[in-house]
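Structures given as structure tokens follow.
Two complexes follow with chain A in common, the first pairing it with chain B and the second with chain C.
Then we have the complex of A and B:
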């Protein structure tokens, strides 16, 4: 029943060569990459981070004592955000996570995240937020086309995002150049 | 042992992570924007990874790994888990296990698809040739080697495979895929849509077939097959409630098997299932889950087993968190009715029976300190043959530092008797079931270590299973007894290296050492060499490299080695699979997969002294379209 040895040995040589080739092809490695995390957690962390790199017009905080993140159609992200916020602050305000449903009032909301659970009604939801000082963030392929300002994409196992400036300008939001630099793609006005 | 007393302490493998998730996500929030954009995603999932930090030997097969491997059936996807032994017996049948006792009728592994167990009460194992899913719709497959009996019950002795498909809200739109190769073909289509703002659905159909193989001596294997499956899933949300309804129906068609001038007929099967599940959030960390399903299957095989089985299964559980505790408790009931037609190798007496199982379980995870977590729990399961079985476990996890985790566990698990053990007879051989056959029992000790340092993640587990009352026989007329005992020990290791942004390398190694003895009072002529006991390799390793050649092209190479099988003897083999994929546009992917490339043909498993079926080198080209 001797079957494998001889051809397998020469084949193993071929594999070693192939492995080397793969290693060369892949090119230089980045300096360091952190431990993997769940997609939900990374997106939640981004939603919190965005606050530091966007400037709202002063009236967005008139009479407000909270930085409000509204979440629609993404319970897991809302849960992750609730775990994350703790004692953290954005622009000096404590953070409030508000779970919203389509049609709910967007008064006092600074960041609106619409998850894939609501991707069917995206255009309608975003139209309700248009031209108000609300940073609209989405999680679906049609996001930017529907009027979103920031849209998440998963690429090469990393959570990245694209930015569309025209709706942000209509909302009088200023997006920092550092955020633009990290974006995968920026649609200019 | 206090069997009847309800031991309320317990663990929750699946609530485990919640306590620590807080730490994980807080550390993410402290990263810079640029660092955050570079954090790899563990799996492309929208739910938290629940088993990530559990004190158990767990490998999670991600949707991404399945996609990159180009596998086309569920059993083939299981090869991606380094802690499983997957041996293809012929075109459709597999022997799959963890930690030994691999066998065509392997009975020590529990397999679930979306909470529905695939186990058949006929022999306590899985008819792998009747199981498939649309792999594109799989969110992840959790593979736990070692006992999971405290949560999942008898049969989860050597491992648990938990296949979790995506919510239909994550599979909106159209998917169509097809492929053709020299050994098999595939066609599938899925459509997902919205019923209302809060309800989504998907429907799918999948067809696959495989060509007949030859045995080692050049004779025909008669294993050609065609498998068709259709199904649906509906998910709805309403406030704190989530509801899922799903179902599948399938048909397997084999080819006529001819022995000389005798036509034994084809191996055909059909079946279906319908499952409903409701989750309700009661408050922070508190959730109730209710689940019910029915499952029907009919297997028409005049040679080995010819059963029709109907199963009803009900389950309720409540998970809650208070103070330092994360508690989950619940109860379940299952009833299964089977009708066994006589086959060449098996006749059942009585030919038809109804079996019932009851269980209650509780498991508590206690944060002893910031770094130490104790998980303790037990399940009491009642079956009609042996009464109550007590299935306790204790696990201790120690987060030594943010990137190092040590754990250890002690558990007791049983494989309770199946219809086969208690009711089989054989017209071909003088065989009789064992009227006194009782549960096979394992006491399991485990020690594990996990690390995640920079671009490398690593897991190592050492295990010792002390077995008692394993199945043995007597000289003809064969009567089944419980007279084998001994130890199975070994190690499981795997590591993943994200070598660069574009190259990921995963390697795995398992070793197994068995030391089984026949009781001196036994008269079993085969002893521990009995072919229905086990035929395990002492060593296997896998090495997989995935490379993104460009935004649109990817390459994967997977190499695996399985050492020789002892009885019936089979040579070691090494197999290489390669896949290249190209996406000419966002919606279209073309790929070519080569499997078993190192030799023209080899067998992977031998079930008897008869020549084993050889699997050939194969090439498969596929196209996939996704759109709205």
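Then we have the complex of A and C:
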């Protein structure tokens, strides 16, 4: 039953593996920046990647043909997003980036990112989104306290995030335990 | 005969049982081990695949959000699976994202290999891609012990122990069980050899089981019973036979003794009879001879009276004289016949080849000469050859033909036929006439002397002729009989006993 692979076989295996990986990367390359190493890019990418780990109530996609990421007060993030999304899809929908100002309608928005540019009116903005099926993401120390669901933190030069479950529950969003597992801190209900 | 067999059934049975047990065990253990190893491999592969899948899933978020610490936490849980020796999570670019290695594990591969499971020597390696719905997030690498040989060795050890135990149990069981097979067989064998040695068929094998051996014992006993019965029967019939033989021998001796006695008596009687006969015949002859002289005187003087004194003798006296003469002539004839009869009995029988036909012709010629006025048709067959005494045959034929001649004298178209019927060597001669015949009721009186079936007035005769013929035929060892019907004639048949009597003649039809 057990067999020892011949050296030629393992060498061939390695070559095949390399070829396969190269093919995969080259396929993914056009949609991805060569080095998404900047903090902005990482945060932008996280915004749509959260979509894979969060479950929206069905009405959130009623009549929608896009996965809409609304960005408020963070133009560089919006730019990075626009650059990154390309052909990517979340939950089967193409991703649309929508730049918003406070007071704009949040209708059809699935993820709302409030950047540091709007830190002052954070509570007000989040209150407008409260109890709607919108994943609210912030990037400030007071984010979670102001009613945000996910808040970015930079720790050891890595972009991490904290999660608060009560507002998500109010918004009827279900956050995957796998996402919770990689969160730096989770505030439970 | 009673020597111990070279390969006793006992040992054979044991060998068979042990061999069967060993074979069954080997096959069973082999199949079980093969199946178990197959299952082991399959379940181990499935287990690793599942493990890899699980790791991929739990680490997908870590990969997505670039959190190696979370992935490392997942991998560190593998220390509770000691058989998993090493694990690596590579990111989408093939860089190690997190890794785990048990103490003493082989070096970790720098790059992920193609997806799949393969068994390499004593370990199993799994590469499993981690992906979300659209893109590859990374790869899980797992390396686990695959101790097939150890497992196999373990099984072999267990198999050896099980085999040893099973064989021991089989040995103990069989040594107990085989007795139930062997004992009835040995009992029969012992009885069989005793029977064949001592020829004692009254022995019986004990039936110790209700199986084929029991049946064998029954059949064997049945056979013995049959042999015993037959032996007894044979013995008794032998005794019977011996008794019968002895009895027969005694009877034979008795017969021989009686025969000897009888012969002795016959000899005595014969001698006596011969003596008496000779005396009687001599007497008869001399009497007959002596009687003729006075008769001749009576006849002669009666004739002289008639011839010498024709005038002195009255006619009436002549008539009386004629009657005296006729009576004396008849008496003379009677004496003649008696003499003939006695002559027939005396003297040696001189057989030679004679032609009875020729004798018959001569007799007929004499008769014709004596009575030329008789119109009678006589046919004599040809070839009536016989081996007999010519003188006596002539006397017999004179009597028989004479009778035919005489008893057909009143028949209109008288006919006499002399012939023979032949049956091979034997000839039956006959003399047939169509004369007066007789009633067959009196046939038994035909051949007695002085027996006459017809009155003297009807046909002349002395009543001695057929007695003479019978004596002649008897002297030749033959037989005589007659067939007749009153008014339709008579046939007299006779045979001449000697084998050569029928000689060289044929039936001339």
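Quick note on the criterion: the second predicted complex is superposed on the first by the 153 of 189 C-alpha atoms of A that agree within 3 Å, B and C clash if a C-alpha of one lies under 4 Å from a C-alpha of the other, contacts with A are read in each partner's own complex, and residues count from 1 in each chain.
Quick note on the criterion: contacts are C-beta pairs under 8 Å (C-beta built on N, C-alpha and C of every residue); 3 or more make two chains touch, one makes a residue touch a chain.
Please read these numbers as outputs of a predicted model, since none were measured by experiment.
Looking at the shared chain after the overlay, A:80 reaches chain B, while chain C stays out of its contact range. After overlaying the two complexes on the shared chain, residue contacts for A:186 are found with neither chain B nor chain C. Contacts of A:89 after superposition on the shared chain: chain C is touched, whereas chain B is not. When the two complexes are overlaid on their common chain A, residue A:46 makes contact with chain B and with chain C alike. Contacts of A:131 after superposition on the shared chain: neither chain B nor chain C is touched. In the superposed three-chain model, the partner touching more residues of chain A is B, compared with the other of chain B and chain C. In the superposition on chain A, A:160 makes contact with both chain B and chain C. In the overlay built on the shared chain, the residue A:123 is in contact with neither chain B nor chain C.
Common to the chain B and chain C contact sets on chain A are residues 1-4, 18, 25, 28, 42, 46, 49, 53, 88, 158-160, 178-179, 182. Remark: chain B residues 21-22, 24-26, 28-29, 31, 33-49, 52, 64, 169-170, 172, 194, 197, 216, 237, 403, 452, 454-455, 457, 498-503, 545, 547-549, 555, 557, 559, 569-574, 576, 597-599, 602 touch chain A in the complex.
Partner chain B is touched in their complex by these residues of chain A: 1-4, 7-8, 11-12, 15, 18-19, 22-23, 25-30, 32-42, 44-46, 48-49, 53, 74-76, 80, 83-84, 86, 88, 102, 116-121, 154, 156-160, 178-179, 182. Only residues 1-5, 13-14, 16-18, 20-21, 24-25, 28, 42, 46, 49, 52-53, 88-89, 158-161, 176, 178-179, 181-182 of chain A touch chain C when the two sit together in their complex.
Those residues of chain C that touch chain A in the complex are listed here as 37, 41, 57-58, 60-62, 64-67, 70, 92-94, 111-114, 118-122, 132-136, 146, 148-149.
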